[in-house]
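Paired with chain B in one complex and with chain C in the other, chain A is shared by the two complexes that follow.
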Partner chain A sequence: MTTTIASPPAQQTKQIALIGNPNTGKTSLFNCLTGMRQRVGNYPGVTVEKKLGTVYLAQGPATLIDLPGAYSLAASSLDERVAVDVLSGHLPGMERPDAVVCVVDATNLKRNLFLAMQIAELGIPMVIALNLWDSLEARGQTIDVDELEKRLGVPVVATVARKSTGVSELREAISNAIQQERCIAPMIWPEEVDEAVKEIQIAAKGHTTVALTELEVRRMLFDAGSAVMRRVESQHETVRNAVQIGREKLRKLGLNPMAAEAVLCYKHLEKLLEGIVKQAGEAKGEKSESIDKLMLHRIGGLTIFGVLMYVVFQAVYSWAGPLMDLIDVAKGAVQGVVGGWLEPWPILGSLVTDGIIEGVGAFVIFLPQILILFFFISLLEDTGYMARAAFLMDRLFGWCGLNGKSFVPMLSSYACAIPGILATRTIEDPKARMVTILVAPLMSCSARLPVYVLLIGAFVEPRYGVRIAGLALFAMHLLGLAIAIPAAWLLTKYVVKTKPQPFLLELPPYRVPRMQDVLYRMWQAGKEFIGRAGTIILAITIIVWALLYFPRPVELEAQVTEQFTAQQIAANDGHADLVEAELADPDSALSVELGNKIDSAYTNQSYMARIGKTIQPVFELAGFDWKITVGVVASFPAREVIISTLGVIYSLGGDVDEDSPDLKTTLANAKWPDGPHAGQPIFTLAVAFSIMVFFALCQQCGATVAVIAKELGWRWAMASFVSMTAMAWIGSVLVYQIGTALGF
Partner chain B sequence: MTEVTIVAAIVLAAGYYLFRCWRKSSKPQGCGDNKSCGCRRKR
Partner chain C sequence: MRLDQLQIGRRCRVTAINFNHAVCQRLANFGLLPGQEVEMSQIAPFGDPIAITFGGQKISLRRREAALVEVELIAV
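This part shows the complex of A and B:
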């Protein structure tokens, strides 16, 4: 949960950084140490997410900073740059941490300690958390923790974050590390490296915004295109020359400058770890490897992936029914009670019942689907299956100029495009990153889910049953990917012109997910969803209601009543007394019909109707009436707004009665009032799919446009918005025209 | 009159909220750390 914990005064709060390779259980350990109380924000100036929590140590509460997962401090990607800046205390507004907890995969000690050795050069007190200890034991291996602690010179604690094992020991070790200031002895570099570092430091003096640490200078020496170079004013020539001279020295030593650090460090670690990892028992077979033989099979793997995705969307569609009914009943009950209270105030009553409760309620009803979707997403991620999916997709993505690395952000975009776009920061090739950002919003985010469920539930399920409805939901989620791949191909071939880069991926072992983490993820997604219902959805609903309710000319009611009465008298062979008697009873069918006619007349001349009718010709070819047009236009800031907007439109328009208890039924019963289609249903199957295709392809999310603008600039953000909107319009027109021609 | 005033105040507050939200999201830093406007969705 995200809380606003009051921080103690800055000078008393110790800052602890948590760092580690990806897939080492860093997030689980962070959750264990902080008790899942987190504050999420951004690092200043960059869009890398900053996660803070409070850990209680012997000295009192301390701030735990969860740094982005990194294999090294090479600082070639945005994530790694932030990690280097935080650790060296060069990030504006952030102090250098008082201690570092380096999370190490116990099954892969040497490679994981490479990062620890790099951090050691900063001289920050460190604790090593040997996580995934259970996986090590499952392999029949053990680590001599005491000996490792002695050789490294810092506390080493064995942990199993998934089971919260070793967490209190880790907390104690952090307290001790801060008190005793125990640091890993940095490795001894060859004289040539030290000389080169000193020369670069001298050359950089006066040309940098802040004095560079030895670690940062070493990064400039070892890394091609290191981000640290950006600290040097206009990449000053003297500094560039000093770096080149330093690299020449390494070449003379017989070392490739780009690989020198790894070669020297691994040699050092090999010596340091001699005899540390022991075979304690019988080595058990590598389960993960045998599962992967099937999961990563060219045909079998893709089939399993397809089946899994189908099962997920089928479950999302069919499991939520009872809970949705429950929310709907609750909504109706609240409407009844509140409507009764506000009866003496008709305008306020309409705002609260037809506007707020109807609009927000129509949106909140989809909470169960969101929870089920996130249950599966976190289950697939925590088991380690997502990495396999990225591997499977590498071939497909290679065809369109990207690689499997782009699949991870795209898969994240199925939850929400914003974290998906932020996840592209791990892609080193800036052009591939740009293309991934531009196609990520095409993935069907969870905000599209309510739109699909509403329309599929109203028009596909009644005709073809639950199974086909689930399949339709799956197909709508595939549509974005099916468009994204050729779009990426066009972009990489003709616009940004890049070639696929080699894809290196670490496949984490399969693990049983921790139910606590899965539930936590669901809770966060649910809270976010409800939060939106109470903020942006509520605000837009109120505005939509006002535009639909006003103007309210008094004479309109009299006109409609007069016209309606005259029609009824004519239909009853001139028996005015009979008609008047029936109209005098407010519960009679005739009175209800008149009430609906008055509501409909008011809605039809409202400001919103005028706007909708003006824009409607643009969407006529896609089969939209003015009400759908209003829903679509109102959804440009956030696409899920269409649900609440349609809820308010149909509630105020007098279309909701006892035969249409929910929005689904109301939409299914809606008919064209006049024009060439008068009396025919507005929502046919072709219209329903036309709307869904529009929502699948359109860039209706103000927050996503803003994030793209932050990442790539406003020019690209606008290009993305215009092209996606155009694509959505063309797609929906095609679907409607073809669908109608085929008789749907 | 009181009823109309209350409704007008609610509608104006909603409009102001959306305007503030738009202003925040169009700034270079976007919503940044301040998510109170609900613009910024996180995973």
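This part shows the complex of A and C:
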């Protein structure tokens, strides 16, 4: 599954794992070691991101696995569990690494080495990277590296990943570690622990498929919700009893089993680290502490937070604008060129230009927003501010079952729910994570914006002016959040049954981010996003295109042309020659109009229109005519499709956008041809808002459904889709009925 | 007194931790063990969570969890 292609085992590519506490600069170091030679994927069966890279050692290229950050092997989060499983060789499809590089924050040796001590028990050759050496020096401190190396028994290398210092030394140390296989001397446990471990091993014999290692047994002994316990099908009475007896032994020793490991290990480290950290210069006051006094201040902190979020938002919206326009122009150009080539094959031409390029283009257009958003997310994370934002916001989100870390995914979802949902991976608590994913699609993503701009521009602005229009736009953006909060509360209370996790978050010292890391992250987010365009979006666009294109009776074109020509001749006082001459020129206004009429005629009898007409009664209560219904149905795979679909249905051609004066006027002038409202305008204010509310609440995004399915499984994805659609329908019916009753 | 009752800027020493809660094991892994000195650094604008500093690191946790930690004040 990695880089080996049927090479003999002796020369197999070495696997090296990179592990460390969060906020130790582990990712920077990974980037330093591997450069651009990185691949991102998922671990089998879980949604934790798997990052692999190639590092060149003296022995040749080796695979570097960037494990998720972990504080301990007790595995309280999904990330930590993956780290444990990889290191112990329990993750299916992944080999146990040949060596592990433990990235240690030089300014917080004790806590960081706690993890190293746990890994030591796995007996994997190790190298310690003492990162953030510059922060240590800034504190006027130094570490006796040689002495530490002697006491630990493994190579220790001082590094400053941000400045790429010490990287070649680290590479050399890794090469040596693989050859010499030096491991940290594991802790010596009190007799009682060893006895308990033996007894549990004996009790478990025959109840597990593989004999348990001492380490695994210790994890069962020390951890309340042990991952080992769950993995090794050792729910048997005898095993459980043995664990209980073992824990009793610890209690007699005066140790609480849940704290025994930490107490013993910290005691061990205290002795090991004696005299290792030296005060070399003058001790300087913590800069981070004074920054926090401002950043976390009741008023100042919230103000700064508000301003920062405003800037991020503005950037995602306004900076992306010109780039999105550029993509749009490029899309048009490509359509023109390719359309020209495929002229002899109209169906293929339509499939490629109106289907594939149009649909994929409509998706790719969000790339600038994704890139800008992830630029800011990684900037905020790498500086250490993201944890502060979670700290400030936790109370606001905590009461409804989310937590402070839900804030960023929710904010991201305002640009697009897909990066938002991906950003929930930073939430350790599986319950809060699940609820955040489920409410994230309610946030008003940028694909809804065109709908709002079109309808508010056409129906609110002319009547009430720019200020009210702006307010309406703001209200539409707030609506999703206003629904999401109570929805989260209901989900937490009644639907999602997982046990909630406490909110425990490190506020790391503020640091200057390494620009390469920020750009890498941005580039990766973009790559992943585009990767989706090539798969699910492509498939969906082709289906929608087919539904809009077929059936295609040839005689329809002739009929429409004949009718249109007759009409035009009548309008021109019978000057048939003039009309025919103009129609002969394919670029004349009349020809374009005819072309649009033909498109419209085909669309009106397409399968999609038939579906729309059939289910229109369902949307009657929301004030939709069949054309709006077709627009709504066609937008289920991707909501931004509504604009171009309305354009086609109202025979303006597919190339309209939300600012097209034509589309606005056409909508404003559209009237009911028959029925109870015959002759009245279709788009009243109540209808306009009914449509907007529908778009605000509906899960009209195939890509989001697919991402939810990937993160939570298809059952949750379908539940999300069905409930959001139901909510959208109820919401729009309410808006239309109440709005109409009030005379709007 | 309990850790959540501390005022900003006050220092204390941990006397007992209720290890029956899983969260306390995680706190212990951070080094929050009986005998450890802790300072209350910040309280979030809406009153919860709090941020404490110990062993050269700053950790934020909710009041409900902080209440599981018994402390004694250190005279300034």
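By definition in this document, the second predicted complex is superposed on the first by the 430 of 744 C-alpha atoms of A that agree within 3 Å, B and C clash if a C-alpha of one lies under 4 Å from a C-alpha of the other, contacts with A are read in each partner's own complex, and residues count from 1 in each chain.
Quick note on the criterion: contacts are C-beta pairs under 8 Å (C-beta built on N, C-alpha and C of every residue); 3 or more make two chains touch, one makes a residue touch a chain.
Fair warning: this is a prediction, and the values are worked out from it, not measured in the lab.
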Contacts of A:543 with chain B and chain C, given as first, second, both or neither: first
A:58 touches, of chain B and chain C: first, second, both or neither? neither
Which of chain B and chain C A:256 touches, first, second, both or neither: second
Comparing the two partners chain B and chain C, which touches a greater set of residues in chain A: C
Partner chain in contact with A:558 - chain B first, chain C second, else both or neither: neither
Which of chain B and chain C A:337 touches, first, second, both or neither: neither
Contacts of A:416 with chain B and chain C, given as first, second, both or neither: first
First (chain B), second (chain C), both or neither touched by A:302: second
Contacting residues of chain C [partner chain A, same complex]: 17, 19-20, 22-31, 33, 41-42, 44-49, 51, 53, 55-62, 64-65
Complex contact set, residues of chain A against chain B: 40-42, 49, 345, 347-348, 351, 412, 415-416, 418-419, 524, 528, 531-532, 534-536, 538-540, 542-543, 546, 637, 702-703, 706-707, 710
Of chain B, residues touching chain A in the complex: 3-4, 6-7, 10-11, 14-15, 17-18, 21-22, 25-26, 28-33, 37-43
Chain C-facing residues of chain A, complex: 71-72, 74, 76, 107-108, 110-111, 114, 222-225, 256, 258-259, 262-263, 266, 288-289, 292-293, 296-299, 301-302, 387, 390-392, 394-396, 398, 404, 502-508
